[in-house]
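Both complexes shown next keep subunit A, but they swap its partner, so subunit B is in the first and subunit C is in the second.
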Partner chain A sequence: MNAAVSVDGDAETTANGKVVGTTVPRADGDAKVRGIAMYGMDYTEPGALTVRVLRSSVPAARIVRLDTSKAASLPGVRAVATAADTPGTSGMLVVKDQSAFAREDVRYVGEPIAAVAADTPAQADAAVAAIELETRPLEPVFDLDEALAEGTRHIHPGWSDYEVAVEGHRGGNLAWEARVERGDVDAAFAEADYVVTDEYRTPRQHQTSIEPHAAVARYENGRYTVHTPTQFPFMVRDRVAEHLGVRPSQVRVVVTEIGGGFGGKLDAMLEPIACVLARKAGRPVRLVNSRTEEQTTCAPRENAIIRLRTAVSRDGTLLAQEAEALSDNGANSSGETVLCANVPALVLGSTYRIANVRYSSKVVYTNTAPTAAFRGVNGPYSVFAREMHLDHIAAEIGMDRRELRMKNLLRTGDTMINGQELDDACLDVAMDRLNEIAPWGERRSEDGRLRGIAVVPATWLTNPGPSAGAVRLSEDGSVVVTSGAVDIGTGALTGIRQIVADELGVPFDQVLIAHPDTDTAGFDNGAQGSRTTFGMGAAALDAATRVREQVLEAAAGMLEVSASDLELAEGHVAVRGVPDRRVSLAAVAGTAMWTTGPIGSTGKFAAPPVNFDAGCMTGALFTHMIGVSYHAHLAEVEVDPDTGKVTVTRYAVVQDVGRAINPGLIEGQVHGAVAQGLGYALYEDLRLRDGVVIDTGLESYRLPTALDIPPIETELLENPGNQGPLGIKGAAEPPIVPVAAVVACAVADAIGSPINSLPLTPFSVLAALRGRDSRDESSRSG
Partner chain B sequence: MAMEFLRPATWDEALAAKAEHPGALPISGGTDVMVEINFDATRPEYLLDLTRIEELTDWSADGERLRIGAGVTYTSLIADLADRLPGLAMASRTVGSPQIRNRGTVAGNLGSASPAGDAHPPLLADDAVVEAHSARGVRHIPITEFYTGVKRNALEPDELIAAVLVPPADGPQQFAKIGTRNAMVISVTAFGLALHPSTGTVGAAFGSAAPTPRRATKAEQFLAAELTESGRWDSRAELDPAAVTRFGALVAEAATPIDDVRGTADYRTHALSVMARRTLVWAWTDYRRKRVRTCA
Partner chain C sequence: MSYKFTVNGEGVDIDAAGVTPLLSVLREDLGLTAAKLGCGEGRCGACTVLLNDRPVAACVVPLEAVADGAVRTAESLASGDAPLTQVQEELLSAGGVQCGACTPGMMMTLTALTEQQGEWTEDSVRAALTGNICRCTGYHKIVDAAMRCVTAEGGSR
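Then we have the complex of A and B:
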């Protein structure tokens, strides 16, 4: 474990001229600050038509008649598309149960039924209004438990015919189930001193990127080209092809600047619709979501129910645990919810020692908009449930809340519930460090406000997806990296440039990154799960290492020394110890051009295999963790006893990042993640009533503002991993994971009453306080 | 449908335009109007831009009252008048964000007459008067008669707001607002309090808890009588806790809130009683401290 790194170091290079480990300003920052950057919603093409989508206004119905002939004949209308034009059935990798337009049935309010492309927005609106649609209502299904109950209507009557990537437990309204079972759970429960049972419910949270989804498509030479602000261009390529029933190579995805995504822009949404209309109209088309379409149809974090039952001994040992997690898939599996089905189990069993577990994670169909990945996926609610439940256990056995955690914490060399050994665990170090920053103890108030404190440890992973990249030395001595990795706004590509700059001994600003385009770039698994610096960083470093060898070989000939006597720095190759004997990289590139050929190489990354106990899991698509990082968060809160308003007065994060390539950018990610986590904890709740989203805009869907976020104390620990390049671990996603948990535990501490659902609005906190008061009264009178 | 954009250079031209096109929608800061237009909620035939009329952005002392021109923004009100209109300034500070406060006006808040408008409780508590002009002449509308229904006000179709007349504070004033976050938030409910030692009266009003902003008349009368009868206006003695509670209860009683996307009726009623009690204690503490200062 290295010493904690300073996040406010402003040196642009270290003493040895390296940029890795320094807060280099973001390479994309200037254009974004000046408003010059071209986002997806800014992009258009000459003659582009406007697209408008007819969306379902009911949650569940059979389509009896759909007639677009009148709409098609209106002035300015160039094309109309329906399910007849998108023959494919798609889905996010696992279950293929989604059509781009509703086919026989509509399954959620907002589901696309048809779309039109017209010369003007008004003409497109008029055409949508002229589409004739007749439906017969079907019994809608909204409640997760009810969906799984015997006799409930199946939302996908033909579920058994769907193509699946792997087999798993599924059937009826159960879209997928993952199970983990280890040890002898029943025996442990039989021996326990205490058995503690709880249920937790959490809402949908919307990614709410500033930029809505947008797509501009054209059809030329038998191929589709779509410009889109996507997080995962290769996924969009494959999904568009699947929907349209064409080969992926017939689709080219070009990525614009991205105005935020947070998981909401991993899947194809508007792209298939834009592509089919571009082909039918023979003109480019442009489709941009309204904010209401974003809120009502774009795949938020799933609502969930987690039921926990834990066997504990008098001394606080966690003997066994049972869990049932129900996650709302929405109407189909277009998002990552099925793929992530096993994440609740991994989260429940990755931070504390529990030898015996039986976990079941069920992903459930409902007649609501599909859910999808949002930073931290199932993590925030699983940790919330886990930690509130631990507080309940602590209260039950009369043990200090921190002590209970420290006692059961996984230490170096311990194994998680999947049997994976954590040989670099440092949860205890993170917790101890947090305790130095803000020593544990009761927080008392003198002014009548209720005060509370909590600390929460957490383990998180890095998305293990593969990556390919190419690095070439240009004739002027600069370096160009080509990859399918996108910068979703985290500054991840700045980190890639830093890695390549150091490997090739060139100044940071001499490394450029080509715009992602699936025609020219190698595969990349998308900007998700903090993987860009990790996976793409590894691929870029691999390529740069080979380029370095080519440079040294060419320079060795030019300088007439052995390659092993050469070093790269400041854009030159020099003879070690004789700094005057050097040649510029431009000269090396020029010489190589006509001798060995232009200098350049590809590089690649695949996550190394990890040992774990595959036998304890069924239906798990996330089976283990790669690039494991360790975290500890602290929150102090004040609660107004009369209004229920929660104020977070202090927030501290100690985070293992493996190796900090750019500490300032990581700190920015910690701030953003904590802010989003506070939104989830305190404000955000994408409410639905009878399948209709109530929060159709940002007036009632409350995101936190700068005035709602306390100063965030951040400390980065460098505990290098051995699976990514340079010891790197994913750093951007995890800081959202423990936030709701630590805030809820602190609020529960303040009000002396448990919290079983989110968000902690003034209304719910006041209700909890009143519940406590009435309990107190009844116990006094009784 | 096309919209015509009228840009009168003088107030008289503006009044003439409004007389000629009574359906014209005035636009000041545009922070309400532009939202409506962008969402296609309104499509007026004429937009009447008042921002070229410089005199509207002035404020002045007009006898007993301060005269706040219809173009005075929240930002300038906070900068220039916080000492004389503390309640209105406190409310102004809670409006939207710096950008909104740089453009938004009290007159626009009155024009919209939303039950949730933050300027309304302090205007009601301080007996403001709306100065309405038309080509026909000038009309002074007492603030209690101004709000006529949900988002409706007493302006005639040919009238424009020229100014709001507000007496400068003669005693402590307070404002409290509950929102679901700390900024950029429409109130779940809000409350304004003005104590008037010079007349022995009390102003108390709330927003977002009835179809219009509303005064809590019974609560005002109760507190004024309580302070007068107990001699506290002069003694400045500590408040009787029972009276504080009663005041809160009477304010809550005056409310007829509904459940909506921002909060429940039950929570609003409860929160009003809390805010009424708190603002009263703050205001009274302020009042007592002032005496210490004058005596010293």
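Then we have the complex of A and C:
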């Protein structure tokens, strides 16, 4: 464990001229502040038609008649598309249960039924209005428990015919189930001093990128080209191909500037619709979502129910735990919800020692818009449930809340619930450091304000997906990195430039990143789970290492010395100890061009295998953790007992990042993640009534403003891992994971009453306060 | 109807209905795409421009209200390849830019703030920024940049 690193580092290079570890300003910033960065919402092509989509207004119905002939004959209409044009059945990697347009049945409000491409927006609107649609209502299913109950209508009557990537436990409205079972749960419960039971409910949270989804498509030479602000170009390529029934190589995805992702732009959304219309119209088409379409149809974090039952001994040892997690898949598996089915179990069993567990995570179909990934996926609600439940346990056995956590904390050499050993765990270090920043103890309520405090440790992972990249030395001595990795604003590509610059001894600004394009770039698993600097960084470093060898070989010939006597710095290759004897990288590149051939190499990354107990899990697609990082968060809150308003007065983060490539950019990720976590904890709730999204815009979907975010004290720990390049671990996603938990625990401490659902609006806090008061009444009268 | 006003110092004459949002004229007729259509209801502030030196949400400002006025967009801050303004420089160096979609609107609010006389405190700066939603940064680095622009130690240009 190295010392904590300062996040106040300036833009200077380190003493040895290296840029890794320094706060280099982001490389794409100039275009952004000049307002000329070309986002998906800004991009268009000459002659592009406007696309509008007919979306379902009902949550569940059989399509009786769909007639687009009148619409097609209106002025300016160049093409109309329906399910007949998109023959494929697709889905996000696991269960293939989604069609681009509704086929026999409509399954959610907002589901695409048809789309039109026309010369002008007004003509496209008129054509959508002229589409004739008759439907017969079906019994809608909204409630997660009801969906799984005997006798409830199956939203996908043909579920057993769907193609699946792997078989798993599923059936009817159960889209997927993952189970973990270890130890002798029943015996542990039988000998427990206490058994504590709770249920927690959490809402949908919408990514609400400032930029909506957008796609501009054209069709030429039998191939589709689509420009889109996507986090995961290769996923979009594959999903478009699957929907259209063509090979992935017939689709080319070019990534524009991306105006916010947060998980919401991982998957194909508008691209299949744009591509099919471009082919039918023989013209480029442009499709941009309205804000209402964004909020009502674009894949938020799933709402969930978590039920926990824990056996505890008098001394606070966690003996055994049972859990049932119900996650709302929505109407189909177009998001990552099925893929992440086992994440709640991993979260519940990755921070504290629990020898015996029986966890079941169920992903459930409902007649609502599909859910998908949002930063931290299932993590924020699973940690919220885990930590509130721990506070309940602490109250039952009369133990200090922090002491209970420290007693059960996983330490170096302990194993998580999947049998994976944590050989670098530093949860205890993070908790101790937090205790130095803000010593633990009761916060006294005064001036009529209720005050509370909480600390929450958490373990998190880095997305383990593969990457390929190419690095080449240009004839002018600059370096070009070509990859499918995209920068959604995190600055991850700035980090990759830093890594490559140091490996090749070139100034940071001499490393360029080619525009992501699936035709020219190697595969990359997308900007998700903090993996870009980790996975793509490893691939780029691998390629740069090979380029370095080629450079040294060519320079050795030029300088007539052994390659082992050479060093790279300041864009030159020099003889070690004789700095005057050097050649520029431009000269090396020029010489190599006509002798050994141009200098360049590909590089790649695949996550190394990890030992875990596969036998304890069934249906788990996320089985273990790669690039494991350790965290501790602290929140202090004030609650106004008259209004129920919660104010977070202090927030502190201690985060293991492995190695900080760019401390300032990481701090920016911590701030942003905590802000989104505070939104989830306090304000954000994408409400649905009878399957209809109520919060169709930012008028009622409450996002945090500049006045809502408390100071965030941030300390980065460097505890290098051995799976990513240079010891790094994913850093951008994890700081959202413990936020709702630590805020809710602090509020519960302040009001002396448990919190069982999110968000903590003034209404829900007042209700919890009233619950406490009525309990006090009954205990007094009893 | 025909409406005459200036955009970034140049006179324009737009023939459109008086209820047409200023934002659609900027983006679609004039090709000025810095201001973004984030929400279309004046909540997110990604479309913020200056109308007669005051920040407005261009998505809900009708052309009728712009007549004879002066509009400034983010494109005017450092036009062409001119050096960045202090607001732009500070935002970049403070780390106040991530995805950048809110940035053009944020910069116009900050520009108005730096042009107004008055004693700015962190609280009043935060209050001034509540009309600009940033989903990426958690605001602190934007506020840091703003404070450097409006206080003496930031060295105003």
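In the analysis below, the second predicted complex is superposed on the first by the 781 of 782 C-alpha atoms of A that agree within 3 Å, B and C clash if a C-alpha of one lies under 4 Å from a C-alpha of the other, contacts with A are read in each partner's own complex, and residues count from 1 in each chain.
By definition in this document, a residue touches a chain if its C-beta (ideal position, glycine included) is under 8 Å from a C-beta of that chain, and two chains touch if they have at least 3 such contacts.
Model, not experiment: these values are computed from the prediction.
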Who does A:675 touch here: subunit B (first), subunit C (second), both, or neither? second
With both complexes overlaid on chain A, does A:33 touch subunit B (first), subunit C (second), both or neither? second
Between subunit B and subunit C, point out the one touching more subunit A residues. C
Touching A:318, do we find subunit B (first), subunit C (second), both, or neither? neither
For A:185, decide between first (touching subunit B), second (touching subunit C), both and neither. neither
Now for A:699: first (subunit B), second (subunit C), both, or neither, which partner does it touch? both
For A:707, decide between first (touching subunit B), second (touching subunit C), both and neither. both
Interface residues of subunit A shared between complexes with subunit B and subunit C: 699, 704-707
Within the complex, which stretch of subunit B touches subunit A? 97, 178, 180-186, 188, 261-264, 267, 270-271, 274, 278
Within their complex, state which residues of subunit A touch subunit C. 11, 23, 25-26, 28-30, 32-39, 41-42, 207-212, 257-262, 290-291, 488-491, 664-665, 667-668, 670-676, 697-699, 703-707, 709, 711-712
Along subunit A, where are the residues that touch subunit B in the complex? 642-643, 645, 682-683, 687, 694-695, 699-700, 702, 704-708, 761-763, 766
Interface residues, subunit C side, partner subunit A - complex: 27, 33-41, 43-44, 46, 73-75, 77-78, 84, 88, 91-93, 95, 97-104, 107, 125-127, 129-130, 132-143
